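Across the two complexes that follow, subunit A remains constant while its partner is subunit B and subsequently subunit C.
Coming up: the complex of A and B.
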């Protein structure tokens, strides 16, 4: 029997009003502006853009304010907003080789042309709380050194020149789009990369970590990690040529992994690839490891049954909005479902008690 | 043909510059430029998403990375020139200003706008890039050998 009940309306309205008040916190403390979040909580903004799958720092900052800093809730808001946007088109693939790098390091070649540029990194900090930040301080200023505008060539290009690393074959194939068509398995690499770049950072990190601990070992080196700006170019149909429509911050990670070879190709290094919106290097490195791990079949490796080799497992659990939607719905009223289970368990108990009695007699 | 090619690249350059410019800065620069002409809309400003693509390994086959917000519009001046804009973000007034500059750059006011709007935008952008590059350069590692291990 289905019973419709009403009556939560007033409670819901009042709950939302209280939420708004709690969001504001102590009114004696100045209110946060969206611009403050955008500028000073930049890495949170980046995460919301990456997993919300929409590059717009102002919207991401607004979502963080609205969600009281709950980043998955903020990502949810961005995803919902994204679905209301008409799709104008797609860009040309971005040229990360032409990135204006804030940071560029290689763990494989000390003397990489273009150098090891640390950029604004947490690396080598002592992870000690800085109590000076608790006081309102002056504006810090970074050192500047005359920069020679030189190209920063890809590390993998050097390896590629000697055939030491597996080639990436350029193509102009239209990639599948998981925002337009439901996921299908087996997924190709393009679809996997799209799912990973918008996947939950914690989940993708956990999967990547599991490969390092031995669940599908593939021994990665970070061949190169670069963070910086790239222009985005789009073909404008009414003009008949491509123009730059903006510029975005990206983090790119290329891993160099152990070998594959075949009858026609002597052993060579293989690759994993990570590319994520914003300065998001933990995510980009994780993505590269998981990408590499999911390529086991194509590279002729054994499936050792590791979770990070199972694309359906990885891809269907990497999306935190799907996950939280299904997980959190169980807290909503399930009175009728539960009523039926309650009746069932009572009947089972009654039957069990009756059979004990029969046995005793 | 050669002239058409050159115009295309010049136009690509200014459209790209306008797309990447800060809405507040473009608005301020256009305030100082002389009066803006009347126009009719061919396409009213509309915000939407553009799916940004990347390439596997940076150089391989394309994949979808995620969307970015873009606002586009098109307008026609009374004198007939058509201006287009595709600018990053959701600011409709910004798209309108970019389309106006695009249209006016095809008129005899091009030199004036180049000097009052495009050149300042470009030099400010160059300066910003140079400052960031200088900060990055200051974080470049200079390796030196402390002790050699072979004695």
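Coming up: the complex of A and C.
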């Protein structure tokens, strides 16, 4: 088959070669391994898994290497790979109550059963550059103690016992799948949460922050933030029961929000919920705030016109792969459209100038 | 690259990249679109290995339409050799192994961005458009929930008011591309950002399919459908173009690109449809600046 080689084709090939060389950088510096990225750039790996909607630390690390550390590009690689995978079934809902927690803090109680466990957090580090790291010395191992207990009870369950917090009605309804069905508005909460957990961290953070600064204020407290491992179980049709197929790291955040009550409900606390792959607490907390904000209608609150209350606005703009694609596509050739605008503007200017002239005469 | 034809089973990817389930889903959306001309059918658009905005909707529609016997042409801005057209053509060479062509008359499927080929199309061809914003009412009403309602109720007053205001302010309708049309007297449709010069050719014997990947919509203009560009009786639709002949092939009736030639702002006008222009030149047509017969032609 004959395909004419044109300038465009050669330019693309050359650009790709140059890109590969730039990705590698100075060959005198040892190459990064995927395992190094997976182990030492773990929070980047977590973000790529969360927003790529695929739990696979090795592939996420590979994507980061391939994308030269551009995380949105890495997320895109993962999404494009994920979409080709066959869908063989779905897991049972994970039980985050049974999470083996690395970290678990509550801002609403001084202490609670299960304790406050800081875990590996930046929270109380002083942000001083550690020049020792530049010397690449070995890090001493942290102290270890036996885990106090296996399961950690949920803080919101304590509040729930007293009826102080709004109850979530359990449902066996199959949640919609935004990767297999087009987005429809209004979206139910399951769909909103799906979109938020894969939404851009910066966007969700900005939306959440706007609610704190008064654009649809809803007074959040972090009732509980927990990070740890949960088993994933799947029912195998041939067996007729669920078996464990692996473990994943999750970050879960439940916020407790003030609620003055409505015509039908006495004053009580309400909840926002965030659940994200990996240790990704900024995202999980942001997600919980935005989730709560989007629940204004269900909870009988006023819509004050805040961006974070606007489901269509939030969900249509939270996906960074869609956003970056559409934004960056304007660098593609648009000269045909520009030409027609050019002619229109020339024509309109000529008419306008002619009419000024007429008026002057 | 073109030697190994990764058809079904010979590579990690299915014929034309998408799995058969996905193609079936897209074909159902296409059929629905054909049954309701101009209606935007929601479909579960997939992430493609090129970014949103690069033609993922068109690529999915093309992938769902292609058979191994097809011959594919891909154009961007009317040209076969623009980088994105090259990239998409390569993609289907790799993943479907179909034959490709630059000649409009030889192609069975043509994927396009921003143009309709100048050469009239036939009833055994499919034209696939890449669509950025499928909703013609979007810039008048940003909410999808509202615009769907407006289409449902055939409530297009807002659009007519916008066009009227244009005339009141500028003396003419200030939309030069993506000029809205009404299909079969029912749905107002965005013909994708083609220059309005191309609008009359939306009435065509070919099947025209429109794919918007990011916005998850597919729509269609079936062969021989009535497609009317919105206008007013006293301000009829005017498919304007640059008032020049093509400098290379001398064509008087084609859409032209304006090419800046030198630092002094010298410019020439050439056909945006590269195949049409090259074919005319091969037939001996000459424009004012075509080599080597520049002087002879004048």
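Assume the second predicted complex is superposed on the first by the 346 of 361 C-alpha atoms of A that agree within 3 Å, B and C clash if a C-alpha of one lies under 4 Å from a C-alpha of the other, contacts with A are read in each partner's own complex, and residues count from 1 in each chain.
Everything that follows uses one rule, which is that a contact is a pair of C-beta atoms (placed from the backbone, for glycine too) under 8 Å apart; a residue touches a chain by one contact, two chains touch by 3 or more.
The structure presented is a predicted model; accordingly, all values stated were derived computationally and were not measured.
Trainee: Since both structures carry subunit A, what do subunit B and subunit C do when superposed there: clash or fit?
Mentor: Because the two structures are overlaid on the shared chain, the partners are seen to fit without clashing.
Trainee: Contact-wise, after the overlay, does A:312 reach subunit B, subunit C, both or neither (first, second, both, neither)?
Mentor: In the superposition, A:312 contacts subunit C only.
Trainee: Scan A:351 for contacts with subunit B and subunit C and give back first, second, both or neither.
Mentor: In the superposition, A:351 contacts subunit C only.
Trainee: Report the partner of subunit A that touches more of its residues: subunit B or subunit C.
Mentor: Higher number of touched subunit A residues: B.
Trainee: According to the stated criteria, A:181 is in contact with first (subunit B), second (subunit C), both, or neither; which is it?
Mentor: In the superposition, A:181 touches subunit C alone.
Trainee: Tell me which partner A:86 touches in the superposition: subunit B (first), subunit C (second), both or neither.
Mentor: Both partners, subunit B and subunit C.
Trainee: Quick check for you: in the superposed arrangement, does A:329 touch first (subunit B), second (subunit C), both or neither?
Mentor: second
Trainee: Check the residue A:299 against both partner chains and state whether it touches subunit B (first), subunit C (second), both, or neither.
Mentor: neither
Trainee: Let me test your reading of the model: by the given contact rule, A:32 touches which partner, first (subunit B), second (subunit C), both or neither?
Mentor: neither
Trainee: Angle at the Cα centre of subunit A spanned by the Cα centres of subunit C and subunit B: state it in steps of 10 degrees.
Mentor: 110
Trainee: Contact-wise, after the overlay, does A:337 reach subunit B, subunit C, both or neither (first, second, both, neither)?
Mentor: second
Trainee: Superposed on chain A, how close does subunit B come to subunit C by Cα atoms? Whole Å, please.
Mentor: Checking C-alpha atoms only, subunit B sits 11 Å from subunit C at its nearest point.
Trainee: Both subunit B and subunit C contact which residues of subunit A?
Mentor: 82, 86, 179
Trainee: For the complex, give me every residue of subunit B touching subunit A.
Mentor: 8, 11-12, 15-16, 19-20, 46-70, 72, 74, 84, 86-90, 129-141, 143
Trainee: Which residues, counting only subunit C, touch subunit A once they are in their complex?
Mentor: 2, 13, 17, 19, 42-49, 51-54, 56, 76-78, 80-87, 89-90, 93, 99-100, 102, 113-115, 132, 143-145, 170-172, 174, 176-178, 193-197, 214, 216-217, 240-242, 255-258, 272
Trainee: Considering the complex alone, what residue numbers of subunit A touch subunit B?
Mentor: Where subunit A meets subunit B, its residues are 49-50, 53-56, 58-59, 82, 85-94, 96-97, 100-103, 110-111, 115-121, 142-149, 154, 156, 168-179, 189-191, 193-194, 197-198, 231-234, 236, 238-239, 241-248, 250, 252, 254, 271, 273, 275, 277.
Trainee: How about subunit A: which of its residues touch subunit C in the complex?
Mentor: Residue list for subunit A touching subunit C: 1, 3-4, 6-9, 11-12, 76, 79-80, 82-84, 86, 179-186, 312, 316, 321-322, 324-330, 332-337, 339-344, 347-348, 351.
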